[in-house]
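Take this structure first; my questions come after.
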């Protein structure tokens, strides 16, 4: 198990503006997983206090998704990546708009759409790392 | 590549206090990778402005490591885990103390010690998820 | 009055990771007092807008309780304290878990339990300071 | 004076994800003005403590520029705007990258470039508001 | 349009504690416009999820109004301003208290009162800049 | 010891905008104690990395002092208090300006002045609580 975990993480790279060079779409994905889980739990509960908390927390998690995606878009991706993946701008625009919609939606299907867009971004990200 | 990524991520689970049920030691690890990368870049540079920025950014990243570890310790782990892994408290105490030391140290070997402690935690985490 | 206040505060000590050496369980306690007061006001009101705000604010205050307790646990307490107070890890684990429960509970009795745990921690803290 | 101020502000519109519908490029511009002013003051001082503070504060201000620009890009601009201003994605990408560079640069000319890019964005923004 | 915008912004000045010397009441006003817009949208909707989000977001926006006003009061205004505008302390006290009330009120008329107080402050601010 | 601590804390009151009614000048004082301790440690060290960290952390702690004082001024104090303590506005203005100076000063005597101003505020605060 540990070996698998270590391997899956070996490609992890950085994300601050020093820059440290460490970036990882997992940051956006973990928050988006949380968003979708909250949407599911919201549907499964009828307790108004629980639902209020779910909405407030989802608001924050969706904001974090946006933030992590914006950082990848501006800081990690370079003109040479855009040349190879001309859809990058549009893809990030749609994904961050979808994260914004997640604040307004209590439907797990919406959360899944957000996850799918992040997966598209992650696929490109890891291809550029492997290149 | 994508398949591998998807698979490695399938086990990702939650982290807010709703609780959404999504937790992932990757959050702490990504920040700790950043800490170590900053320590390396600090050593490689003699530019005082760069070094000042490195210290300020490292301070924040190390704080994030602490935060993500504290969340795992308090929110994810349950008494039944402690029974099976009696070293949990001590391990988290040492790991968060090491993250505190990371603010004071510019030595990448220190950052590696922090990463190793996070890996120990991650190993236990994934074992409990697989159980 | 002032003399009393000054005296009660003379023992105040520090809390950042410089470290400045200033720590004080009052930081956690003030937030926990707020949590309990919010729970009481929540019970006393039937206005849905007020209740929504109470839940959102309680979420933040309880998070601050957790944060201040985590800082004490990791940064202030040292191995020699643990030797003398072997219950430290468990006590902090329970107290921060109770702070997490405070997000989910609108019952002032729950808030009181949180305050009691913080008082246990404060008792130990001030004993170590007096030592 | 007040009349002029009131008039200049009448066009102020919104920025949260409710959405409240209030957006204003002034938010990014004010922070960027601060960035450039810090770069100028950094050049004018030789006091190491002052310079350290300038670097740390500039880091935060530049981050706020990025944030405000990202919000405009994702939240305010719609597909119909992009059709009329096909340069939007590239413009925001360059402007947020320039804000990232502001963290690394102590040259006021760099700060001016950032301000110029924000002015280009503001020009488009106000044209779409007037449309 | 751009010319008008540029002109209206030429007088923009700074706000951090370096100090960079850049201050602008627009920061408080933009957040207050958002507060009032949220109050309007709250009244226009009967969707409980929307209303919950509106309350949570208004809480944050009103806090930002307070923060920006406090910064102006403490950091920008000097004793010589107070001599000329002896109402300054009372005006800021009332304005920040009104911002606090905005958290508790869903009435756009309340938001307008907050905007009016900010306009009074802005009028004085720009007069001191012109002096 | 515990009894003394409990007694000293019995008068603790609130601070959020619900309002929960809990306010305590200790919040500002703890951060100001940290500021002064950092100034002392800054003087005692010649390590440039340590000094850089001290400056960055002091910046944050001083900002927290300002924040806690602003909250007391706007949220806790009422017109009837002002009537009895007409110096309130001036006192808070000076104290928050002193907190701003703390960012720029590495002199513990400056930190002490800040502490003295907070003690003046605390004296009035506890008198109003006792009234």
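So that you can tell them apart, the chains are marked A, B, C, D, E and F in the order they are listed, and the count of residues begins at 1 in each.
One rule holds in what follows: a residue touches a chain if its C-beta (ideal position, glycine included) is under 8 Å from a C-beta of that chain, and two chains touch if they have at least 3 such contacts.
Keep in mind that this is a model prediction, so the values were computed, not measured.
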* To do: For copies chain A and chain E, work out whether under half or over half of the interface numbers are shared, and give different or same accordingly.
  => different
* To do: Name the chain whose C-alpha centroid is most distant from the C-alpha centroid of chain F.
  => A
* Structure fact -> Averaging C-alpha coordinates per chain, one finds the centres of chain E and chain F separated by a number of Å equal to 24
* Between chain D and chain F, what's the gap in Å when you average each chain's C-alpha atoms? -> 33
* To do: Please report how many Å separate the Cα centroid of chain C from that of chain F, as a whole number.
  => 19
* Structure fact -> Chain centres from averaged Cα atoms put chain C and chain D apart, in whole Å, by 39
* **For chain D, residues that touch 2 or more chains besides their own** => 17, 50, 52-53, 56-57, 59, 103-104
* Pairs of chains, among all present, that meet the touch criterion -> A-B, A-C, A-D, A-E, B-C, B-D, B-F, C-E, C-F, D-E, D-F, E-F
* Residues of chain A touching chain B in the complex -> 1-2, 4-9, 12-18, 20-22, 24, 26-27, 29-30, 33-34, 37-38, 41, 50, 53-54, 57, 60-61, 119, 122-123, 126-127, 130
* Asked: Hey, which residues of chain F end up touching chain B in the complex?
  -> 48-50, 52-53, 56-57
* Asked: Where on chain D does chain A make contact in their complex?
  -> 17, 59, 62-63, 66-67, 70, 73-75, 89-90, 93, 96-97, 100, 103-104
* Asked: Can you name the residues of chain B that touch chain F in the complex?
  -> 48, 51-52, 55-56, 59, 103-104, 106
